[in-house]
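Scrolling down, you'll hit the structures one after another.
After this come two complexes, each holding chain A, first together with chain B and then together with chain C.
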Partner chain A sequence: MTNDIYNKIYSSPKVVFIEETGKNLEFILKDKIKYIFKAGMDLLIGVSKANFYEVLKELKENPELEVSSFQSIAAYKSGKKNFLIINLKSPVNNFSILLKIEISQREIEKDCTEIVDIMEKFYKAVKFYKYRSKIISENSDIKIFAQSLDGLDCFDLDIHTEGDVVKEAYVDTGIARVVGDNYYKDLEIYNLIAYISRFDWKSGIFPEVCLCSAFEELLQLKVPERAQYIRMLLCELYRISNHAYFISNICNVLQHDIAYNLSLLERERVLRIIEAITGSRIVPNFIRIGGVKKDISEEIVINIRKNLSVLLKNIRRIERIIMNDSLAVERLRNIGIIEKESALEYGVSGPNLRASGIRYDLRKDKDPILYKDFSFTVPIGKTGDCLDRILIRFNEIFQSLRIISQIINKFPSGAFIKKINLSHLEFQSGAVSCGIECPHGLFKIYIEVEKSNINSLVVKGPSINSLILSEEILKENRIEDIDLILLSLDISPGEIMNA
Partner chain B sequence: MLFVLKKMFYILALILVNLYICEYINNKLTARMELRRGYRITRVRGAGFPLVRFFRYLSRDYKINIWIFFIFLLSFLIWSAVPITANLVLIEMDYSLLVAVTFYIVLIIMLFFNSSRSSYSAIVSETGKKVLILLSFLLPVLFSIVSIVLISKTLSLKEIVNSQYQYWYIILQPLGFITFFISMFLQLKLLGLSRRSYLSTGINIGKEGAGLGKIIERFAVYMIVFFLIIILNILYLGGWNSIYFVRGEIIIAIKFYFIFVLLLLLDKAVGRIDNYKLLIRINWKFLIPVSLFNFIITLGFFIARNIYDLI
Partner chain C sequence: MPSIIKSNFNIMITGFGCCKQEIFATQGALYDIQRLGVNFVSTAEDADILVVQGFYNKEGIIRVLNIYDRMNSPKGIIAVGSCVLNENLFNLESKLLSQFREEVGINMYIPGCPPRPEAFIHAILGFLGRGL
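Showing the complex of A and B:
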């Protein structure tokens, strides 16, 4: 049934499609749920703990729904009540849902373990969220601490080996665990925008864009076209800088010093452009609700136009240097293979998903900015090994350069911000979830508001899903390939923060 | 007795001066290859850099174990058997080639023992693997050395050089030279020539070791590099034989630095190889068969020439 709807409605605006699916879901899960409504790009479903098993069973096993992909779990506090929010997705029918479950204050731990136990029957990835320090200590014989892996200082790795081959791997994110629920409390909105980019320090603009888009959706605010274009320009610049950093990290592990330094130089070139636009490099604090902080001058546009061709040439050169080195290619091929099915099951998104051959990009699908104005392709890989993941990044850089050149050529005139008074802002009470395609994958923010107060804010980064899957893909690989495989997943430490 | 002490002083001075220059070239060349300017705190284009680095390491605390002591001793003892020039050798014997190779093998094994000080078992096992591969790379080297011995009919390094007064053995043994050079390059790759040695530190490059122990480890790696280059020179490139009116000492210095810089450039251009399968494949499917083929041909010639008097 939903397949028919999918075929029928795909070309029409996204909202209609989601509402249609919502009605169908309401019809199917009639007695078992409390409420269902559209919250941004997702469907929010309230479920009681007693009905949770049946709802999950219906969602997973009903051939019309096929909600087979696990995305995330997060616990949060709204007012005095505690909630658990579970994000699930149906890759076949292309819709995602949020299950919201209330937990009693007194028995938080017991309730959470019960819910996780139920979920583990349907979704394999959930076992990561279980209490399992005993299993780790019994089964592992080598412990790799966080500081010994360059660029991945957010988790410890325990491995069980036979000879050189890894038999089992356990990721322990305890080192990165921060109480992230309440850090937005007593914060003004402009402070929140300044702080949110700490969640992804490799490409700081994406959390800001995501948060501001969520607020705009709540306020039903239409953003000026020029502001959207500036946002897209910055997003693509940050994407290039992130991918260049990724390539430099890989070259560092391969000890390919020439490519390592060249890619860092290109990152520097992009960061200087970003600095000229925003005034800072890592945490831009540039996006505002209804637009951006500053306008882009003509000089900066000329500067970007000058640098585009240089960037294209230099990155082509780096690609040639790495791919002509048969030793490097030999090293990267056929290690850390991600299968299509497991990638979807574990909710991996972004370039890691595309490397295993699935053409899914939020920029082409449900996009909060104006990517539909531009022509670009979504590159995909074949096997999903480390080599494919690196080639995908190179191709994405070229596509980003293509988008930037189109943006510069048709920059619209007009206002760069729709001015609103932040101090007297009043929302309709409700919830919204907004997502954006960041360089690591699908970055999501879920907000609940009541009048001028933000009740709760849940941030879900894409890196955690790749990290959970890394436990599976490290198996049957050799010890010396561990750091290469983990780095090829492009894990951003900031996103692991409140996992 | 005084004569021996004088010789020892000359050898030590030569080694230390070369060490200084090589460390300087190494630093500058790697910096250029990495698009950096290199170390510039000291004056005259960083000429005092190796000295500064030496003192910096020396001032750090470090527990010294017995193996470090042996490594230090052995890396000097190598030069007692290997002649640098015609007169610069402490003990002159007829089988100096055998002694030199034995010293080399023992030194590598000592480096492995030294790595067992690490508290990480993974590092020790990793190093063990690397040492085994490194020792397996000695097989092609030994085959090519034996072929040279068959041609020159002697085990003395000095006589091998003297027998090359007409033409260098690279002309007679091109295959042997190629296998010797490649296996030497891969050994230096494993030892870590242009960066901190990762033979003794395993996965965590440069994150272990400091102080005097680090200096001695690095010193040992340099000694191995010097030893291999000198042996290559002696076996294939005519050693200290003079060309026209140029003295032999200058010729061997030019050849030494040429090979050293070539090795550095190659080391930088090729990334890290810790894919053991690949290394083993290169060794057992290319280097060993080729060197064995070379050895068999040489043996055939030797038998035909010396036993049956055919050629």
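Showing the complex of A and C:
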């Protein structure tokens, strides 16, 4: 009873914390900013181009704030105005901010280069966004084009070597820039939900959950408990499928045929369950605003319960097969090491961050679904090499199986969707950003709406941060390990499309 | 009884998109496309068939045409998924792919977004002239 009242009337302690931080920031940055307000899980700060340097300096160097982690940068058009939106994070104080800068219509390129130049003084990762074809052609001697392996097919790699050791590496994602400016403008909202899962096709449910959670935040809609349980069940199933596919890719490069075939078999087993629930394998189109498309029948729950123990047994077996093979383990150990500090600085998230020893998971922090009902642990690694990144994935599969067994044991009854009329949907005009812990890291969506139409939509996946960091970690590794290191970062090509 | 495997049939995949993981799923133990004598290769000179799928920009189209030129004849092209069948989902104004289709002449289309692995195997068997 008290719990219900608490949930309905008062905002959660995390929200209060964000609002307090907002007030502190407003006090510190008094004259330099235009406005500051809470947009979903982030703080949106409007900055003019003239004050941008001072604001960044204050944010980075003030010991109370310590905004030291760069997350993402994106340009978008709203009406006739152009904007740049920059996402920064403070890992120590655990808050993230969005800086919104208006750039003039006529000199877009000049303004953007100026802003990127200013940012490069404070954040190393921003150098990826500079125009640098001249530097690449001067400093590199070998060009590796996009390959046919899934995950390595969306970028070119320029490297400079001495002997067989890589000294310089540059990533170029020119081939993956395929997204137009206004693809979302003429779409209805239910069409947009069907589109959005193509942004992360290795685990298609997460963009849908993220987008629908953002709309629910705008509408202040409370989703039925059963719908949230179905969402969590699908999220965990897709997480297992993604990690099984990851392991099969690694085994493909290691030429480990037994583990490759076994992990693809387990992936098919999970995809069969997903297909029974959603009717589709890769791009589900299953989540709706206010709930899910279809209810789960008792037969499916029995089927999942039957398959859980088989999955656990078989994945344990795959882990044992790989870890007992000393050749595979020695190949994976001590290559592509990610240090704690550089992982935080470059804004890497998800299993890649946890492999280097930092226990951060959005499911435990501020998740849009109901993960607080379940008990599970967040596994971490020690050194952050390729072997750790693979072991983390195995451990996450076991934790996901644990969550699924808890979900199907206490499935609540009730409605699976809150019926709302989508054709007459009207939002309060405003902005919201929503994030979710997808298998590769922190997946974020930022929307601006006005009445019934969407003014802007920015989708940012976590893979791009890992890809930028790969320029650093490839150095001092041997040329035959490049494939293995890049694959162990689990890059999803869909997230690179609009980077 | 005639042998199923007369000679190897080599396939090369280009592009990046959701169809790719469904095509690679046929390599696994469940679908096992290799029992039909079908291999995946990564050199253009070895390939008999080019599979075109997913998203392309101008640079990507140039690379695909380059790969197609390097292949030895007889050769063919299979287009997989609705991106290549219609236009790029996220950039409907671009007319790159319709120009590309006219330029090379595509031998077989596999519809779906993304098509199932069974559909891909069905198409390959149709291409070989058996199993349909």
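Everything below uses one rule, namely that the second predicted complex is superposed on the first by the 480 of 499 C-alpha atoms of A that agree within 3 Å, B and C clash if a C-alpha of one lies under 4 Å from a C-alpha of the other, contacts with A are read in each partner's own complex, and residues count from 1 in each chain.
One rule holds for everything that comes next: a contact is a pair of C-beta atoms (placed from the backbone, for glycine too) under 8 Å apart; a residue touches a chain by one contact, two chains touch by 3 or more.
None of these values were measured; they are calculated from a predicted model.
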item: Which superposed partner A:Glu330 touches (first chain B, second chain C, both, neither); value: first
item: Partner chain in contact with A:Arg198 - chain B first, chain C second, else both or neither; value: second
item: Touching partner for A:Arg177 - first (chain B), second (chain C), both, neither; value: second
item: Contacts of A:Tyr245 with chain B and chain C, given as first, second, both or neither; value: second
item: A:Ser148 touches, of chain B and chain C: first, second, both or neither?; value: both
item: Touching partner for A:Leu265 - first (chain B), second (chain C), both, neither; value: both
item: Touching partner for A:Gln255 - first (chain B), second (chain C), both, neither; value: first
item: First (chain B), second (chain C), both or neither touched by A:Ser413; value: neither
item: Which of chain B and chain C A:Arg281 touches, first, second, both or neither; value: second
item: Between chain B and chain C, more extensive residue contact with chain A; value: C
item: Chain B/chain C common contact set on chain A; value: 148, 260-262, 265
item: Interface residues, chain A side, partner chain B - complex; value: 142, 144, 148, 164, 251, 253-258, 260-262, 265, 325, 327-328, 330-331, 478-480, 483
item: Contact set on chain B toward chain A in their complex; value: 30, 33-36, 121-122, 126, 129, 195, 203-204, 207, 268-276, 278
item: Chain C residues touching chain A - in the complex, by the definition given at the top; value: 12-18, 20-22, 24-25, 27-30, 40, 42, 55-57, 59-60, 63, 88-94, 113-114, 116
item: In the complex with chain C, residue positions of chain A that touch it; value: 145-148, 150, 153-154, 174-180, 183, 195, 198, 201-202, 204, 245, 248, 260-262, 264-265, 267-268, 281-283, 493-494, 497
